[in-house]
Amino acid sequence: MSIKKDDNWEPKILAFCCNWCTYTGADLAGLNRMKYPENVRTIRVPCSSRVNPQFILRAFQKGADGVLVCGCHPGDCHYATGNYFTRRRFMLMQRLLEYNGIDPKRFQAKWISGSEAAKFRDTVTEVSAQIKALGPNTKFVAPHYDNALQAKEGGAE
Amino acid sequence: MKQYAYYPGCSMDSTAVTYKKSFEYIASKIGLVMKEIPDWNCCGSTAAHTKNEKMAYALSARNIAIAEEELPGLDIVTPCASCYSRLKYASYVGKNDEAKRQEIEEVLRRSFKAEAEVLNFLDLFEDPEIQEAIKEKLHRNLEGLNVACYYGCLMSRPREITGETDPENPMKMDEIIELTGAKAIAWDYKTECCGASHQVDAPEHARELIDRIFRNAQANGADVIVTACPLCNMNLDMREAEINKNFGRKYNIPVFQFTELIAIAMGASAADCGIHQHFFPAFDVINEVVKTGAKKAAAEAKAEAKKDPLKDGPIVVGKAGR
Amino acid sequence: MEKILNREEGKLLADRIAKEANVALDECYQCGKCSAGCPMANSYDLMPRQIVHLMHLGDMDTVMKSKTIWLCASCHTCVERCPHDIDIPTLIEKSRMEAQKRGISAQRNVRLFNDIFMETVRGFGKSQEVILEGAYNVTSGRLLQDMANVPQMLKKDIVRPELNSVQDKEDIRRIMKECEEGGAVK
Amino acid sequence: MARIGVFICHCGTNIAATVDVEKVAEAAKSMPGVAYARDYKYMCSEPGQAMIKEAIEEHNLDRIVIGSCSPRMHETTFRKMLKGTKINPYLLEIANLREQCAWVHTDKAKATEKAINLVQMAVAKVANNKPLTTSTIPITKRALVIGGGIAGIQAALDIADAGYDVTIVEKEPTIGGHMVMLDKTFPTMDCSACISTPKMVDAGAHPNITLKTSCEVEKVDGYIGNFEVTIKEKAKYVNHDLCTGCGLCQTKCPTKVTSEFNQGMSKRSAIYIPFAQAVPSKPVIDPQACLKLTKDKCGICEKICPIGAINYQDEVKYTTEQYGAIVVATGYELVDWKQMYPEYGGGKYEDVITGLQFERLVNASGPTEGHIVRPSDGKEPKDVVIVKCVGSRDPKKGKTYCSRACCMYSAKHAHQILDKIPNSRVYIFYMDVRTPGKGYEEFYDNTRKDGAQYIRGRVSKIYKEGSKLIVKGEDSLIGRPVTVEADMVILATAMEAAPGVEEVVSKLGISMDKDRWVQEAHPKLRPVETQSAGIFLCGTCQGPKDIPDTVSQAGAAASKVIGILNHDEMETSPMISHVDQTKCAGCGYCVECCPYKAISLVEVPGRDGNRKVTKTVAQVNEGLCQGCGCCTATCRTGCIDLRGFTNDQILKEVDALCL
Amino acid sequence: MAGLTEAQVQDRIREEAKKALASGEVSAVVGWTSTRFEDKTKPYFAETEAECDLLVWNKYCINGTGKFALDDRYPEKKIAIIARGCDSRALNRMLRDKQLKRENLYIIGVVCDGKENAVCEGCQHKNPLTYDVLIGEPVEEQMNAERFKEIEAFEKLTPDQRYEYWAKQYDKCIHCYACRNACPACNCVECYADQYRTGWQGKAADREQNQVYGLTRAFHVGDRCIECGECERVCPMNLPIMRQTKKMLKDINDLFGDYECGLPDDAMPVLGTYKLEDPDEFM
């Protein structure tokens, strides 16, 4: 599948961030006026373990180009153990998606603490660059979004 | 009785006379047959792994490979702590490092499966069948003899190689020696190094290691020291007199192989196990114990005989040859 | 000629040795338990603890020139008691091989003895205690060492004049040669 | 159709400089469900809030979105604002236009586009919000303290002094713990018993404190404000209501066993009061030692007791009580060094003792009446070696951590030996000397001036030759091996969490760290709290520490407890999980993943066709649930959901983001 | 079959089935009966002793019997299940998932040497793992060295090849949910896919919806899959469904150590628990 790349194309990247670490870290990045690409949107969840792997499938289906799940470092979870479950779930999820043809860069998980504003900036900047390099996601996308995509692309394939 | 592949090692064929004799005595009495590995070679000892790691593994592995080929399914037994250590290393590497195993196989031009278990003599004598057979053949009680069991380093360390669970205080030899009625004393130099590997090339540094072992054995009331290795044995036995002279000591602690005491308890004569071939006079100590034991046994037998006149007469202790 | 490694090379060499020995040099906190329990420590110029520290610093030059690496008896008491399970005997053994490669030996006799030992193995496939002792005494110049015991040995029939050897001597020679050419195990 | 109001804040120029706020407000007007949208300078200001309230009335709004700073900043502000309106405070969503948009971007067009999208997401989410109400739970104004060492005693006294009932549960027959075993305390050298026994007496006599000695926690149910705790009282075989503590029984008891209190260095009778100042000062019978209980012989104590308090038929008793808060103060034990260090003799030399044994030796009320003598032959030692870090800082054989108190008590031991035994010599083998505490470094200085020899190196081997203990170490400062021929060796053994802490922790539903210490909620900011609300900790159950730190932690835990008990009831967050029991299959995976034990399987009546059946389904305890939502992603059916962050809400957010 | 012939096993099955029904505690015995085709059997509920004689045992007994235990979630009497290794694992699965109560089951275990069913080739549990009565001598179990061979081969394809492959497969899917209905790990009261209001899953049987269904199902059952192959066997469109769940199992084995489900000591499924020392790739 070849995708014609449009220079103005901006990916849609979704970042699930836990309220206590990564969302705080993202706020801190703002407080420090750090800069990162506009194409990342966060969804606040209480804990990374709240993120149902089905949300990821939904995001791809609806046309997201990349998904990021972020939480506290293992051992630092506000709820003690949540991110240990996150770790297992998404290590397997990432592999399953890759197995089904989705580039592992399109779905990533990262531990970012409340103090790691720079890590938040660096992570989203890097992910954004990676997704941009990969181009729009065409896999798993529901048809009517596919049309929209083609319109935006000026026709794929 | 279970069969074993036998790797005697170079010393067993030369200096370890008493070890060889006493072991052969025991083996013949209990019907233990050892299958010597055909055309075995030197394990490489300390020198090989000082110079070249691959050579060290290869020289030892050759013996294991031959045993696996010619004597399939048998555990390999060696009387020497140094050989044991080297063979066990080779076997450990073969079992745990596939790349190295293949490399060794390549240089050997033989199949080296590293499946055969490598055992030392203490492991061998732990075989319940052998222990039972020895118990059946015991003729003398060495009660009253205080024995310091000396294991040395290579039999117990490193623990991942030897599988010893308590390298600070191993008990295998103590348990075996107590079969004879002798007492295995608690002492603190069981596994301290005797410096055998440096007694020739750096004696000025290594002699004091021997002195410390005797000193601790003496402090803890040992009558004799017992070893399970030709090198430890020769190192301690051959140099005891020299230590006494040069360090101003008065140690009178003969050094035996553990097999010698077992053989004696089984009724061997002094000649049977080469008591006269010790460097340091060993006859008197053992003779004393044997005599006391015999007297006691005679007295007991007499008392027993009174109760039951049909019982056999007292056991006659073989006259020591020398 | 001795080749002296400079510090940076030393660090690379030390790190390689540590990696091969599966040792994390930075775990050592210099408690000294290794040196305290070492039977040969009285004779060392460097304590085992210091060997680890020097390797961590990358000063392999000092390590390779030390007597310690030749005098270690490989008894493994240090690693048995080490709180961090640092395999000092293997660090020392590998340092010694490196020193040997570079022709450095602070304890000539230890090296000599090992060489002679291996040559008897090459010659006969088995070690020969008599030849070994004799050849060593001659080459080391310590003619009388342990000789006091010789008459007793002969008298008591402890050593015999005949030599033991393997049948397939060629096999042993070939193995040794190939190992020497191939260098250390990867 | 919802009537959503969207309010875009300029935040002065903080947002407005990078985001075209008018454009965002304009765009919001066409979003589905939006009935009203506008922008304003400062939404959080009083006029801003008044403006929103007016708009709600005027445009009949039923839920609102505010595009402003981070919800972590003003979500509570706006929720409070909504309390005065017809809109439920939880029908509010905040789009983070400041920290995560305006401040991190420079391109105004792109930032505006993103801001619109963020508002879109918030609108999509809020349309699916449900009104939530906070509920309140009543608080039982009583506290339970588990452990009667100095930490537990101090915490109990502080809570009791504030006017609340406290129960101390102690598994031993007396309170007092380790502190009462000690002789002197560093660095002031005041007598440990003299300062701790008055506190024990206070605790015993306090009208608000109930002592439950020889007791253990059997079961804990409930949650903050409403714990239901079952306490198991071991059989004491002595009726403490009758017993006057005369002590006649223990003088006549023929059976002697080793004394735990004196660390095995003296004997006690089978019926015993652990030590003279014990609280309660009444005996118990040791069922393993008593001849009557083991062999049905003897019975002397029963015959001799003047008031008939002995009861050989005594049994384990269970009582269940209610508490509002719990303090864990289960303390420490010394590690079993004998298993760890065969090279130190593994316990075969009597004269190799632990620091705690030395405390008993040097204590005037101890087995030797304070004379420092060798346990083996009763002779006074002249050369004493102290070995530090035995079991501490030893990843292979012991614990990785530093036990914190040993450097100081070892210095104290050295000082005491040099002080009490003329011409004695003390050698201290150490790796580092750690003296961070008020007056500690000065104390260490003085010990060195007293003549203690500090030798830097870990001891490799201790063994006996003749009557001497040979200690082999390295003086790593000179780089040579050294040997000391000692008469006695004192090992400064590591502390570890008391045995049985595992059971306490699992009954309470709190956690332990990798070293078995009870885990605090946050190492810096919530040091005496646990992960479970209403359960606090203090003292050495949390990690090794000395007496001053223990006592201050106990005070801190007590003040946290008082803070809870001060209220009659407390509000709970409504953003917690709930189960749709009609769909729940009762597999119980949510139960297993909940860090708060907030979910349990219950049996409810249900129907299977026309038949009435009992179904097993999950149920969330609202007092325990903290709203993490881990359970929701474990549930395959999706029948357990998190209020405020429902599957529906998040899916709608995802959809809106991808538009 | 060690010791017993096929016919003998069949006799023993009938005998045990009758015994079970005769006890009065059992409402039905689930096994197999013959059909009008010689090479086909079908699942059968024997409810009377006479019906027990219709139970058969031959190499065509391929249907899983375990899942039938769930037909009645609230039984008034016990149900007897004739269980091969795989069926016993299915029962263990549902017991671990608390969907069945052991006291409601009477398990007649039968040692099985494989049926005319592809999945039997790699079978690691020919002996029933849980049973009340056992028919046949237990045989030595074989580890299947090639358990994940197919998965490994598939992993070697390029991402686009893999996507194309799955896209083609899912294009065939008709959303019939037979895989779900046959799967012993799919034991929810109401499947997520049926919850149209929450909208996890679109109703349409188009490629993308099918893909979401396929992946979600793989994730839902992946850590609890007993590898019985029922999903694939019942699929009318011949989708290689096991290829997804086995991928999950392979990764679980790689990441968290040796792992198999449906064993009697069945531990918590991998996704329902954690270890502090789990590998971490998200640093």
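Each chain carries a letter (A, B, C, D and E) given by its place in the written order, and its residues are counted from 1.
The working rule: a residue touches a chain if its C-beta (ideal position, glycine included) is under 8 Å from a C-beta of that chain, and two chains touch if they have at least 3 such contacts.
Given the structure is predicted, the values throughout are model-derived calculations rather than measurements.
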Counting one step per pair of touching chains, how far is subunit E from subunit C at the shortest?
2
If each step moves to a chain the current one touches, what is the fewest number of steps from subunit A to subunit C?
2
Considering only C-beta pairs in contact, identify the chain pair with the most of them.
B-C
Would you identify the chain whose C-alpha centroid lies closest to the centroid of all protein C-alpha atoms displayed?
D
So the chain most remote from subunit A by C-alpha centre is B
Where the CA atoms of subunit A average out and where those of subunit B average out, how many Å apart are those spots?
67
Based only on mean CA positions, could you tell me how far subunit B sits from subunit C in angstrom?
25
Per the C-alpha means, the centres of subunit A and subunit D lie apart by a whole-Å value of 37
How many angstrom lie between the centres of subunit C and subunit D, each centre taken as the mean Cα position?
53
Multi-partner residues of subunit E (each touching 2 or more other chains):
192, 200, 271, 276
Listed in rising order, subunit A residues that touch 2 or more other chains are 53, 58, 81, 85, 89
Residues of subunit D that touch two or more other chains: which are they?
343, 461, 593, 634, 638, 647, 651
Can you identify all of the chain pairs that touch?
A-D, A-E, B-C, B-D, C-D, D-E
Which subunit E residues qualify as touching subunit D in the complex?
73-74, 97-99, 187-192, 195, 198-200, 220, 268-269, 271-273, 276
Applying the document's contact rule, which stretches of subunit B touch subunit D when the two form their complex?
166, 168-169, 186, 188-189, 215-216, 219-220
Touching residues on subunit D, where the partner in the complex is subunit A:
70-73, 96, 98-107, 110-111, 113-114, 117-118, 121, 511, 519, 531, 575, 593, 595-596, 626-630, 632-634, 638, 642, 645, 647, 650-651, 653-655, 657-658
Could you list, by residue number, the parts of subunit B that touch subunit C in their complex?
10-11, 13-15, 17, 39-42, 44-55, 57-59, 62, 99-100, 103-104, 107-108, 153-154, 157-159, 167-168, 191-193, 195, 197-198, 200-206, 208-209, 212, 238, 242, 276-277, 279
Residue ranges of subunit C touching subunit B (in the complex, touch as defined)
39-40, 42-43, 70-71, 73-77, 79-80, 87, 89, 93, 96-97, 100, 107, 109-110, 112-115, 117-118, 121, 125-130, 132-133, 136, 140, 145-146, 148-149, 152-153, 156-160, 164, 166-168, 171-172, 175-176, 178-180, 182-186
